[in-house]
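Next up: the structures, one after another.
In what follows, subunit A forms one complex with subunit B and a second complex with subunit C.
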Partner chain A sequence: MLEVKNLSKYYFKRIGFLGKKETIKAVDNVSFEIEKGESVGLVGETGCGKSTLARCILRIEKPTAGEIIFDRKNVFKMKGKEILEYCRSVQIVFQNPYTSLDPRLTIKESLLEPLTIHFKEEKRNLMNRIYELLKIVGLEDSVLNRYPHELSGGQNQRVAIARAISLNPKLLVLDEPTSSLDVSVQAMILNLLKEIQEKLNLSYLFISHDLSVIKYITNKVIVMYSGKFVEKGYTERVLDKPYHPYTKMLLEALPIPEPKNRRSRPINSLHINGLGECVFYSRCPYKSEVCEKRTPNLVEVEEEHFVACHSI
Partner chain B sequence: MKKPLIEVKELNLKFVSFEGIAHILDNVSFKIYGREIFGLVGETGCGKSVTALSIIRLLPKNSIIEGSIIFDEKNLLDFPEREMAKIRGRQISMILQDPTSSLNPMFKVGEQLCDAIKSNQPNRKDVKDYALELLKVLGFRESKRVFNSFPNELSGGMQQRIAIAIALSGEPKLLIADEPTTALDVLTQAQIVALLKDIRDKYGTSILLITHNLGLVAEVCDRVGVMYSGQIVETGPTEEIFYNTRHPYTLGLLQALPYNKPKDKPLPVILGNLPNPFNPPKGCRFKERCSRATKECENLKPKPYLISQEHSVACFNPLGDIIC
Partner chain C sequence: MKKIISGENEITLRLLAKDKLALFSLAIIVLFILMAIFAPYIAPYPEEGEGKPVPEQRFIPPSIEHPFGTDYLGRDILSRIIFGARISLSVGIFVVICAIFIGTPLGLIAGYYGGKVDEILMRATDVFLSFPSLLFAIALVASLGPGLFNAMLSLAITWWPWYTRLARAQAVSIKEQPFILASKAMGVSGIRIVFKHILPNSLTPIIVQGTMDMSSAILAEAGLSFIGLGAQAPSPEWGLMVSTGRIYLLNYWWFPVFPGLAIFLIALAFNLFGDCLRDILDPKTRKFRGITF
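Now for the complex of A and B:
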């Protein structure tokens, strides 16, 4: 359904007043697909390019190179009506439930806005749609006349989800939708997301750095490091049998709610050392000469399991 | 008997505003021993941060506080602000969730660290050396370069480590860490956690770790207090809390974790919301969300009682067998 082909997004930044330009490769030559009804996880640490990739998919930013194909159409060559339809088909839910809704609008106004833009219908019909949406996300009608700051984080996130699914999208991009919520609210939102995915046959691109959430909610996962994909495949297989040293590092860092299995943690995992062609060179404990000279490509190590590392 | 470093006893806190009186903390009691990492967990708004602010005495003006906080055999609540200012930063210090709010963007982090050392240890001569040493302890290899950086030149994790360095500058006996890793990603989070352990091992600092990440609690805390609606509902050694869970609310929190849960089943959730602090219910505060609630819970307030030497629970119908 969605196909991202060799996508890159570079930012150019001038260092100092007269300094030379520096290129930040926020996303660097990545490719993947999302099929209908599938949920794909995207993990990686701060600044690795997850949100940039999401913004390109949403057409908020124009990629430096590469293309995105949606339902067999090139997203950046679409015109007029096609663009409008694409924007309707692909929606996003952000991390911070308080900033993802306009604080000056009531919940009703927030929910009505996208509907009035996309559907030229009577307000009464639109209101019926809103009641239906509230039911799906498990909110009472009484929230409609309230403002975002009058609702809890979990309630706001439900509104944001209602808004995102209001236009019958096919793909929902979820950019850390639960990381600012506490465990019990997170559990409710995860349940809700699973439920509506099944009901509406949605596809998800689920961005998170919590691997236990990723494991619960996605069936495929992509591990990203410094703009590049370093490992991808079926979630179960990648997380149960990771190949890339970075994926292993992420798994080791995941706090486990089992006090009997405490592990000693490597504080060194953040130390940086040397510079090589492989993006992970500076932090890799297994680096060798090849890694300095050549960028590893993603290769299939097992069925549908791709890894970019020379040491495999 | 071990003597605790700090003992919070029957703390009651109310906020007074034009809307009325909000009952924020209700009979909160717990102890933290020397060299101990004590975790305080519970959902948003249950009163974790205000408990910390009570200890360090930085509550807003409209608060009414009762009870006692015994530190070094003295009740901190009796101290005039002048005395308390000497304790803050030197004996007890606090780091906040958002590192950017504890650093001034206009000054180099090294200067800010030196200022903190000067004010917390006025007799110290080797301020700069000490600052560089602290940066090393916090895992900065290039401590000189970091010393001369401005906050915005550092990543979130680095900023948080600077904030911790500042909090440690007075060599406090108690470090309060309010959600120190929530704004950070997994790897940085793991690093900060390792660091907290390290600090405890090296300096014997006790740590009050406030978090809603139960994974983190399992990883570093010696003992845990579970808070619900301004009350401590269960407290005990970490393994007891995780493997011999007694309060239905604690169980709810543990079950809601997605860690290793089957994908085809919804996660068990605690339905409902925290009660309104302006009008807390009679009897047990958790009863409306509790599957084990009985008539007793309706009108009577469950009092914490010991089920083993260190493990206490406030519930009329706790889980598991009760051996008395």
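Now for the complex of A and C:
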């Protein structure tokens, strides 16, 4: 359904007035696809390019190279009506529910906006649609005349989800939808997302740095590091038997909810000892000479399980 | 039981009601506005206020019949000040509103779209800002010809770039907020985002600036009239009255002093009110004013 082909997004930064141009590779030559009804997780630490990738998919940013194909159409060559149709098909839910709703608009106005733009219908019909959406996300009609700051984080996130599904999308990009919420609320929102997915047969691109959340909600997972994919495959298999040293580190850093088995293995932070061609070179415990000279490509190590590492 | 507060506006109003300085300055402003609206009914000598000379009562010092005395044509100065409030307030409102209406949309568009649009608009405002604004206004009136309306027009022309800058800064900081990105992802058009989402969210500092600029605009216009480029006699414009009265300062002090006091009072009131408004609207400065909520 959605296919990302060799997508790259570089930012250019000039140091000083006449200084050299520095290239920051936020997303570097990545490819993947999402099928209908599938939920793909995207894991990685802050600043690894997850959100940039999401923004490219939503057409908020224009990629430097590569293309995104949606239902056999190139997203960045769409015009007029096709763009609006694409907007309907792909929607996003952001991390912070307080900032993802306009503070000056009531919940009703926020929910009405996408509907009035896309469906030229009577307001009464649109309001019926809104009541229906509120029922799906489990909110009462009384929130409609309130402002975002009067609602709790969980309520706001439900509103954001309602707005995202209001246009009957096929793909929902979830950019860390639970990480700014309370743990108990997190669980409720995750269950809601799962329910909605089954009910509406949606595809998810679920961005997170929380592997336990990924495990719960996705069936495929991509591990990203410094703009590149280092491992991808079915969630169960990747998390049970990770190949890439970075994935292993992420899994080891997961806290275990059992005090007896408590362990302390923080991800070793950046101590740069020489840069190599492999993006993970500076932090890798298994690095060798090859890693310094050649960029590892994604290789299929098992069926549908890809890893980019020389040491396998 | 305390009522649950809804909306930021209500908080602002409640804080305003607690701030004595804000209330005091607001009272002065309201007083002047009422004076301007009901000038013909309040003024003791409405005809003199509008400029009818009464030669037999020149230079009467302040007394019960003429609380502020009379001028060189025998006109009651209090009446003239009351009529002058109409001019000063309309100048202030006209200049500030024109500046906001021209400046804000340009700034928001520059800030939101960025790139070349931003470059062109901001360099244009830089050209305007590179002149001292009063000097620029003087040059403009001189070429348009002296007169109240021309003075107002040229002040408006020199004033809008400040709002462009302010609005641009607001737009730049707001456009990366997730709710703007969400609207973009929903296919909302750029112009709609600018005026439906960014404008309402950037109004606060613009209103504060506008309130404070009211006083500067009134002062600037009084200045233009003082040097003979603004309102012309027999208009009861305050700057003009100070200007004609200044040669009589030593013998008949009340002639220039009372109109001067009027200018001082209205400028002070708007400035103080703008100041209080800014402090109240910004949660960070609330505590410095000793207001807690």
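In this section, the second predicted complex is superposed on the first by the 307 of 312 C-alpha atoms of A that agree within 3 Å, B and C clash if a C-alpha of one lies under 4 Å from a C-alpha of the other, contacts with A are read in each partner's own complex, and residues count from 1 in each chain.
In the analysis below, contacts are C-beta pairs under 8 Å (C-beta built on N, C-alpha and C of every residue); 3 or more make two chains touch, one makes a residue touch a chain.
Predicted model only: the values in this text are computed from it and were never measured.
Contacts of A:Y216 after superposition: subunit B is touched, whereas subunit C is not reached.
Contacts of A:R55 after superposition on the shared chain: subunit C is touched, whereas subunit B is not. In the superposition on chain A, A:E150 makes contact with subunit C only, not with subunit B. Of the two partners subunit B and subunit C, it is B that touches the larger number of subunit A residues.
Looking at subunit A, you'll find no residue that touches subunit B in one structure and subunit C in the other. Looking at the complex, you find that subunit A touches subunit C at residues 55, 58-60, 83-84, 87-88, 90-92, 94-96, 99-105, 113-114, 117-118, 146-147, 149-150, 160, 163, 167. Partner subunit A is touched in their complex by these residues of subunit B: 43-45, 139, 141, 155-157, 182, 184-191, 193-195, 198, 212-219, 238-239, 242-243, 252-254, 256-261, 263, 266-270, 273. On the side of subunit A, the complex with subunit B involves touching residues 45-47, 152-153, 180-188, 190-191, 194-195, 209-213, 215-217, 249-250, 252-260, 262, 265-267, 269-271.
If you check the complex, the residues on subunit C that touch subunit A are 6-8, 177-179, 181-188, 196-197, 200-201.
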